[in-house]
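Okay, so chain A shows up in both of these, paired with chain B first and chain C after.
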Partner chain A sequence: MGAVLVVLEQRDGMLKRVSLEALAAGRVVADAEGSEVHALLMGPPGVSTEALGRHGADKVLAAATPDLALYQPDAFATIAANQVSTGNYDIIVLGATAMGRDLAPRIAAKLGAPLAPDVTSLTANDELVVTRPVYSGKAVFTLRVVKRPCVISVRPNVFSPTDAAKPGAVEGISADGVVAARATTVKVKEPEKAVLDVAEASIVVSGGRGLKGPENFHLIEELAEVLGGAPGASRAVVDAGWRPHSEQVGQTGKTVSPSLYVAVGISGAIQHLAGMRTSKVIVAINKDKDAPIFKLADYGIVGDLFEIVPRLIAELQKIRGN
Partner chain B sequence: MKIAVCVKRVPDTESRIKIAGDGKSIDEAGVKFVLNPYDEFAVEAALQLKEQHGGEVVVVALGTDASQETVRTALAMGADRGVLLKSNASSLDSLGAARLLAAELEAGEYDLLLFGKLAIDDYNHAVGPMVATLLNLPCVSSIAHLEISGASGTAEREIEGGVEVVEFSLPAVLTTDKGLNEPRYPALRGIMMAKKKPLEVKEVTVEPGGLEIIELSVPAERTGGRIVGEGPDAVPALIEALRNEAKVI
Partner chain C sequence: MIPAKAQPPLPRDKLILSEPPGDERIEMDVLFVGGGPAGLAGAIELSGLVKAANEAGDGPGQISIGVLEKAGSLGEHCLSGAVVNPRPFRTLFPDLDDSDFPFQQPVTREAVYFLTPKRAIRVPTPPPMRNEGNYVASICEIVRWLGERAQAMGVDVFPGFPASALLVNGNRVIGVRTAPSGLDRDGNPMSNHMPAADVVAKVTALAEGTRGMLSQAFFEWQQIPSANPQIYALAVKELWETKRPVDAVIHTLGWPLPGGAFGGSFFYPLEDRVAAVGLVVGLDHPYRSLDVHVLLQRMKTHPLFAQYLQGGEMTEWGAKTIPEGGFYAVPQRRHGDGVVVLGDSAGFVDVPSLKGIHYAMESGIAAARAIFTALTANDTSAHMLAAYDRSIDASYVMKDLYRRRNMRLAFKDGLVMGGIKAGLMTITGGRFPGGKISMVSDAAVARSSDGAVPFTPDGTLTFSKVDAVFKSGNATRDTIPSHLITGGDVPGELAAYYASVCPAGVYEVVDGKLRVNPPNCVDCKATDVVGPRWTPREGGSGPAYKRM
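Up next, the complex of A and B:
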């Protein structure tokens, strides 16, 4: 069987956690099929690859040039597809991030390979089977991979990095021969104060219309901070201009799978649930005991968020203080 | 400017999803179908560009006969003509769909090919960049801001914790995200006019893709959830549950 190629993602020279999650998914396939996992790093020189062997990479292939510091779609797709065509690869795994969702279909089209995007589970015994949520998370496809190579992207925060230690020796590969790009990423605009993104955070605290106004979102921010998480929002408050679209969770926002999702003053409309229903633990705080969010929540408190959230922040601060 | 917009017929998000007897698809009975919400941003972008630069907006859908209605919706918004690539089966294979759409779009001499960033049925997030790759065109996906001047453009796409600014040359493929614009509603006049606009139907065959459906299922209801209490006095019980039962904090 061919090996597994895991396409890594870096930002400002740092590997993203989702890269380790993709390695773990790749490891599942390689272990079942007796093959290897090769990690492909496209980025600037100097990205630390030290963690990759520890987390399951048999080998690291590095195309390191300053031109690849930002995500350059044409170049990344060409390098990855060339690697698959010249090596012997059966499965290509990426994280389903903004980059991965753009890159995966390009690689698949170059290779004529099927694409299984946003996968939430993967089993590889006699056959490779994946599941992926569809119809706004209201249904789940179980799919068998019947053609190889096949490209798979994994939903962030779903797979845990593996501790399977492998050599992870780094081998440089060429980034030459990449076509002259006709679409070039010229820069990344970042907010002045770096914030943890909802799509990457392992704890998300989201606020909805129940917060009554933008001036009350400090409650959401403080609760997120004491939990070490990121603030999120419902569409109602994004459309009202209370919060930026980058925080929106749901069908027209981001899909998140944190270990803990706290919904404050959010009713739980189907389009909101589409973005967070695969969260591991869901907490709802709402004054309406019949709010649909309580059907999904593992733990709920019925009552006024303006009384509950300050108390929650205070109690958590006490615990953190100790 | 000649612009093509690919649009897909999808179940409305409010609709309840029931699994069909074959266990591999949805039961369409009673389901309301709409123009994919992300494709509305693409149609709107095309119409605005036509208003500024002149030209033609062509709507292309791949699907069963029922997709004619979806094309008509885009025509009612203001697109000039439609093409339905009529297949007997709907396919969830993104590469198969991309190949059929690319074959139709290839000879059209379009300046821009617009797509939604994703279809809310299959959540593939794929067809636009695939068509771009097959046709060897530059592509920017999930754009929330767009400026075109002459034969080049600049687009912005939201990424985790930032916004990527991408410059590209035309012809190009773009896929649209929420925030790009506010799609217009078809006016009554538009709906009347849409009925008379040309809609060409071409037969195509959907080939099976490289992923075989084992089953489509409804995710298990989350069970065991409970209300830990009412009001601020329930806070200690919640923290206790999160620390010692769920072990997430």
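Up next, the complex of A and C:
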């Protein structure tokens, strides 16, 4: 049986949480097949690997050089593919983040291996079966992954880091020669007119399940824009894949306390309430007058958001126009 | 017929969950379960202690304090007489004056009457019932006021989220799981479904009120005994806009209660022409058909009441049980690892003086002090929280209860003998007759006689249960899954007994069989004492009391 190679992700020298989640997914396969999990860290020197053993890494392979501080598509794919070719690996696991979505197909292509992207569940009894939501979560693919080696990327915030104490001994690997590849990342530039981060915005407009589908979220974005705020989302719609996790407000997403919080079509799960209760002024729009969000709201509109929000946008645009 | 024989057991496996909390858990330092006088007083005292210590530089830092409340809004499930002893308000708010507290008016005149079917005979006010220095108030208003104070001090109050189970790890309570909402009658999620959420805390303070489910489960799980089983009374209460002012706090004994039942009425003026009228009857009576709601309706036709109510309007109706066992029914330990039990849930009610609100608040304050010390020491084990029990045992709460330890219990021999004994107990400070009068649980009392009196409500002075439930503000949806556990096949006679115990028409006998109407339930817990078990259900269900 070949081992499992988990490709870690770091930013500014800190491991991202998704790395531990990918380790947990890798652990499931390794435990089922009686093999090992090796964690591949590509980054600058000095990234702390202390947590990896606790969370299921039998061994840590570290390619640590300042040249790998930023994500280098060519170099990362080459290092990972080389490691798979020289070692004995059956499964490669990554987080389906912005980096993982780019890197996973590159590794798969270099190895001529199958790719199962954006996986939300995984079982490894006898055979490897994974699921992935498609069409904004309206349907679920179940994939049986037969060929080895294969590449899997796991959706962030789905797998929980596992408490499995393993040696986690660090072994350096060489990255010589691979960084000066055909193209390198020189700099990561923040977008100038970035959409405000929900955790930092002084005005947040959040949408929930009451919007009925991701196609209606333009209402939230437009209302946020006309108010000069950031769009947010409830956990239910993030779980459903309508919105990215970066927009989730709530105890497990981002705790916010803006000066104005507008909750649209959000009934108010206790986690959500816990994540936004310190907002200064809370406005709720919901068709269910008994929704818990109204207990916290300073202003509440009971009604159909598809009527109310467009009118609100139009009125606000008029005011801004003047 | 002995109700206990057919009573389903407490569903402990659903109320105590020994499993790790979910990933989406909410983490608090201290969680009060129940936003009544006990929980809110505790939350206020604790946040005050934390703030003062932090400002002095030796505090525990940021401490998150949460309150879960099953009612849709604070106060909507609270019901009491009420004549309130202001003592804990003064402790909690030393900078405020009595006139700042949410009371209606001080008690200036009071009278006790013994009723016969036509007459009202004034009797001397028994000393424990004297209310000089106390205030007439609405517990709903008190709780809303306390809730505002708590929130202003940074306490997170979550109305609409009932706690449905204790989360435990070994012997330690680590938090609670809330009840899910948006389930259809068969328990399937509907479009507005909200799953259960886990709230974990270093200390969980159970302040669920009378007959708290998690509190019952905790005492049973930890095998904590009390000298006597807890006994309960059922109170049914109405709020009236009266035809003319009621000018005294009035209590009555006697008619329309049958001789074997212990209880009495209260008639309290809240405003010039607003008064509360209610009847309280112990559930340890021997009657199969005694119906407290119907008795209250009959009582209002007595000239003493009718002269005020006839031509007026009933504006609110409600019902609630009262733990009446007193000193000997208080569980021997009201704390454990990571947990304390407060107020009515612990049985802190004094029947002779008809009061419990000030004890509830006092227990909240005492618990807050013990919790604060435990948090500061970073040790919330039973060893540290035992300070709460010691503090209550040394306080006026247990001293009052001890002095009157046998008074309610003496009335199991009827009103006359009970009255004589109670008088002697007052004179001797509880030393007569000494020892302990033993009691059995209400459900273990045989219902040997019928006791039914036919009654037809007139719809203006007297009301049916259907009209009554409407006036409780209960707007629970019809499609809610049943939260009541009946004991399988219920024979007709037992079904009829349940129907007479429940003041809200939840139980009916149809074709000799029991029919259950769960949405009618106003959470009084009466049948949980003697029959079908009550369990927590979707937040915001049940009554919506405004000034009860």
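In the analysis below, the second predicted complex is superposed on the first by the 190 of 322 C-alpha atoms of A that agree within 3 Å, B and C clash if a C-alpha of one lies under 4 Å from a C-alpha of the other, contacts with A are read in each partner's own complex, and residues count from 1 in each chain.
We adopt the following convention: a residue touches a chain if its C-beta (ideal position, glycine included) is under 8 Å from a C-beta of that chain, and two chains touch if they have at least 3 such contacts.
Since the structure is predicted, the reported quantities are computational estimates derived from the model, not experimental observations.
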Touched partner set for A:117, first chain B, second chain C, both or neither: first
Partner chain(s) touched by A:40 [first = chain B, second = chain C, both, neither]: neither
Partner chain in contact with A:101 - chain B first, chain C second, else both or neither: first
First, second, both or neither for A:189, with chain B first and chain C second: first
Comparing the two partners chain B and chain C, which touches a greater set of residues in chain A: B
Chain B versus chain C as contact partner of A:277, first or second or both or neither: both
Touched partner set for A:302, first chain B, second chain C, both or neither: first
Touched partner set for A:158, first chain B, second chain C, both or neither: neither
First (chain B), second (chain C), both or neither touched by A:319: first
First (chain B), second (chain C), both or neither touched by A:138: first
Overlapping contact positions on chain A, where the chain C interface meets the chain B interface: 251-252, 270-271, 274, 277, 295
Residues of chain A that touch chain C when the two form their complex: 160, 209, 235, 251-252, 267, 269-271, 273-274, 277, 288, 290-292, 295
In the complex with chain A, residue positions of chain B that touch it: 11, 13-14, 16-17, 19, 26, 37-38, 92-95, 98, 120-134, 137-142, 144, 156-169, 172, 178-179, 209-219, 221-222, 224-232, 234-236, 238-239, 241-242, 246, 248-249
Interface residues, chain A side, partner chain B - complex: 11, 70-71, 73-74, 77, 96-99, 101-102, 104-106, 108-110, 112-118, 129, 132-148, 150, 181-191, 194-197, 199-200, 203, 227, 245-246, 251-253, 259-260, 270-271, 274, 277, 280-283, 289, 294-304, 307-308, 310-312, 315-316, 319
Chain C residues touching chain A - in the complex, by the definition given at the top: 23-27, 72-73, 156, 158-161, 178, 191-192, 194-195, 197, 199, 539-540
